[in-house]
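Order as written gives the chain letters A, B, C, D and E; numbering starts at 1 within each chain.
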């Protein structure tokens, strides 16, 4: 996630970090050069390099804007839903720390149990990051697990879910032993269930991109449109055509590329969500709730980017 | 569901799998040829093949874009809601595996009961696939059922619902026998109820298409518009007209056809949801939760398509 | 609800059932004739029948498209919400059949109580249809009620709500007699409450149309716009003007009329929801859950329409 | 709320009740006259009263349509959310009448308590109307309260909330006296909580208008746009200009004014929600549930308006 | 939040408070002057200061409107979600005051506990304001805390969350001491959990702006578009060009700036939410529920602004 103040007018045009421009620059340059070539060709031999009435392209451009607008909206909704899911996790984890206070109040065995549950909650948050961002540093999870748990973790198909099952097994044992009541069990189970809901929602967003046919159709139309544009503008804009064409291409390709970034909110690009930082924040919150005082600093953005 | 990386610029124009183009190619070719014929006819005998000012069509085109945009949005919402429902099923099934740990902790009878409930949960997921995709392989369900259950299954009106009723009857017996408490019964009943909610939601999406009058109106307008277009472009675009007309037809027919595909998210087309794979994943998750180690591999896309 | 396969290209233009065209044909013909008259008048005496630049109408047409688009979206949302409510009723009724299995498991008195509750649930679904569609056949409800209940039913102000109160009174008696526990009572009460929520939501949709001022404004603008259109097109389109004008009128009037139909999803028009069939399905589902085997067939569409 | 059948074509143009036209007629007349003056001035002295190319205004008009569309959508969402909240209150009140049947079943003290709780529920609905519509007739609340309650009511800061607190205090006393169980208390508390949620939601909608800067920006742009329009149309439309300008002004000012009405759904204008009638309906529903037979008639629209 | 009646037509153009105009005036003046310079330059030496066909800019303008519309919609949704969260807090706090009546009914210890819990609830609301608006007056929180609590508060990482933990610890002690039952504990825990949910939601909105790349792309396009506009209008509008350009710039820059304000609903700008006033209202509501009679007045807007 890009964290920076609103740029002023001058900065506005020189920021590249977080801008989509680096990814689409080659295409824009191609469009610009092509457009310039067409203007030159049209001036040299108007019969060879034809032009046509640009206004007939307006319809296509407007249609494309509407469809791109809807697609970007859908992509943004996924991004924001992903953020909401992680906000939910923050809240459930903190709530879990509060709900387990009642265990602590009931004696030392309860305090140990609480410590255990919160430790596994931290591990769950870190494991979820690893699952959503393949290639992440698994040691952040492993340092929170016991040797036995770590072995299970390594062999599990769904690692984050395993950790939830470890928590539930713990609760089930306490329940069978009569250490916690039916209602307490129910309360804690609901919280663990909510963590599972967050996981399932994140997996859903990660594993189900926007329908491929939709993406493909819009990409193709956007490219064909931008390649046709210079022919339509050569007569009315002349040498202004490459500039206007490049600006339109910047807007359309830019939105298209941004849609791609937002579609996968757990990725590693600058505009993706800072789930790593959120998992660290959850860990710090829980450590504080456990009474630890030697807390690591809150995660800070590096070079305006928080991951 | 199409599973593939974002294509590069060159691939973009040569991908057919998942593209809508195969379904609408005939219509586009017809429009292209018709447009060419009109240009030729207009050149030969302008009095016979009239032209008219294309800008008067812009209005209709923009209106059509807006309405198509709304319709596609609605179709996508159905598609995404279907996916969310199945994500919900994944999470409920996993949660059920956790919640029933408490039964296991209470002795062997409880462990058997848990195994039974999870087996029926797997069967439910597979049965739901069969119900949503008529013609699916019912053996995936039957192999999970006992002979008596299979008989009931074959004669049931609503087969997936029957399996939920089998689970509830099991719970009710345990409850009446005093094996589980009121609260435990309530917790497990809520989970079964959520599975029923997923089923009802999927049935709703499957059985209630977008209002037929709406679909019909947009289809008709889209076709009439694309048939009129060449008359409007023949003067301004000349021989460019067939190409621009075909591009516009590609965009409009393509979005229209995509809307049709997304409207029925449980169908068998490439852009439909991979509910078969999701049911298999649920089964593997539950088998793992039951401690089985000889698990089948996770479902993989074939030829970029996961069904 | 219209139930039919996607029509092919040829059928597309000849389907009238479910199409909105029958309702708006008179208006379209009027517009067509008026437009033809204007073209003729303009050719005969251009000073009397003026024309003006059609492009100045584009703005109004686009604005109208945007507002009609929003309105249709709102109408569709109501329609879909109505469907969701009934899907909710399907699921709650089935869930109720499962939840009451625990009563059955506790002896004969419980089994009778269950039968009674499910019978009233069927009656509730049928009564809700009668309430939402005045003039429906009340005998479908009455045959499910005892003589005493039927008397109460006939005099009740809110008949569907009465049935829910009958169910709750039954439960309250059992609870007071100690036949069911607090938690069981709570579970069953939640289900009955959800049925009440469905009823209240359906009443809300039925009794609160879209703001009248909004509907009026859009109707008026759409009509005035279509009456002005021929004056704007007479110069640029000539004798093509009646056809394009009629096509535009078809699109705008059609969407407007469809919005009206979707706005009242429980009505009796072809595009309305099939709530009668849904109530019958609920009844069949519950009869099956009660172990009846002599079930009526599932409701089938008549002439492509399911009501 | 306007309650009337869909007008036919002729009525369409002569309905004023519920139409927004009375509020915006002065502005439209001003625009019409101004436009006529400009046409006349331009004919007399084209150098003094300039004209300019209207197509450059199209862009502004389309942008304005899009932004007005979004704003109206947001205003409608508020209106519909207000209606949903009141629908929720209807359902909670009826559910409360059902849930308290269990009190009645437990003896006379319970029956008295039930009567008391339902009486306060009626008072709550009426008090909420008074709070949302300052200046309403408070006697509708006071006649439902005891003398002591009425005194508290008159001095309370938040009167509707006071009534909920009276209900909770009643329940708390019964709970402390052991007359109702923990679970029963929880069930009833949830219902009272839902009434509180409805109140808070209505207060939120009433006290937080759409952002003022947004409203201001759109008003200003709409007015400036309509004042510029005649200059842009004078050349192309001539004496048709005042009519088209007035039609466009009618659409834009009308939507703007309607947005204002819908933004405050609890107001007293014709398009506002009929919350007075809803509160009366709730009262009648509860009286019926209490077994009263001498019920007042259901509220009827006066002059097509239900308030 | 701006609190004022709808301005009349004259006021409409002279209100600056709450208007966005003060923030964007410099840019508009620059655009106006630039545009005037271009008109002058074009008249003096048309070869040096070129013009081009403005209609080619329409496409870009419409696309920009659509994307700005979507962005503003997203920003408004965040603003309204923030308001909904605080409405939720109002309702939970009042509900908490009702739910704890049962403690009061059980004797003096319970009454003390209730007073304590409500005091901490007030402190939570004030602490949340301080957390969302850095630099707020912390004394509003501290005066509500005991010395011991204040010490913990000052050293806590997440101060609002600490207060919730203090409440839960209180409850856990009472629960362990047997003063409250399982169900009571569950009810109160759910309410505290909802306060935590509000906090997490507000933190999410505050800490996660709209994707930076999206904001950047729209800013850049809006500025480039407005700088190009005068070149496109110089021919068709002449000296009218600076005025129309400035009006368009006002609309686009204004919406852009408003989107920025709404994006951060907890900020200190006039269009931000009045969360300070809401926290004060919650405090007054709770003081009233505790039976205090010497209540401070409700917060009033200063100079039309409520913060």
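Throughout what follows, a contact is a pair of C-beta atoms (placed from the backbone, for glycine too) under 8 Å apart; a residue touches a chain by one contact, two chains touch by 3 or more.
Chain by chain, the UniProt names read as follows: A, B, C, D, E = Bestrophin.
It should be emphasised that the depicted structure is a prediction, and the values quoted were computed from it without experimental measurement.
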Answer with same or different: of all residue numbers used at the interface between chain A (Bestrophin) and chain B (Bestrophin), are over half used by both copies?
different
When the Cα trace of chain A (Bestrophin) is superposed on that of chain C (Bestrophin), what is the rotation angle, expressed as a multiple of 5 degrees?
145
Chain C (Bestrophin) and chain D (Bestrophin), separation of their C-alpha mean positions in angstrom:
24
Expressed in whole Å, how far the mean CA point of chain C (Bestrophin) lies from that of chain E (Bestrophin) is 38
Residue ranges of chain D (Bestrophin) touching at least 2 other chains are 55, 57-58, 62, 64, 66, 69, 182-183, 186
Chain contact topology under the given definition, line, ring, star, complete or other?
ring
Beginning with chain D (Bestrophin) and continuing through chain E (Bestrophin), what order do the ring chains follow?
D, E, A, B, C
Touching residues on chain B (Bestrophin), where the partner in the complex is chain A (Bestrophin):
1-2, 4, 6-7, 9, 12-13, 15, 18-20, 54-55, 57-58, 61-62, 64-66, 68-69, 72-73, 76, 79-80, 83-84, 87-88, 90-91, 94-95, 97-99, 101-102, 104-106, 181-184, 186-187, 233, 236-238, 240, 244, 247-248, 250-252, 254-255, 258, 261-262, 270-271, 273, 284-285, 288-289, 295, 298
Under the definition above, what is the set of chain B (Bestrophin) residues touching chain C (Bestrophin) in their complex?
27, 50, 52-53, 55-60, 62-64, 66-67, 69-70, 74, 156-158, 161, 164-165, 168-169, 171-173, 175-176, 182-183, 185-186, 189, 192-193, 196-197, 199-201, 203-204, 208, 210-214, 216-217, 219-221, 223-225, 228, 231, 260
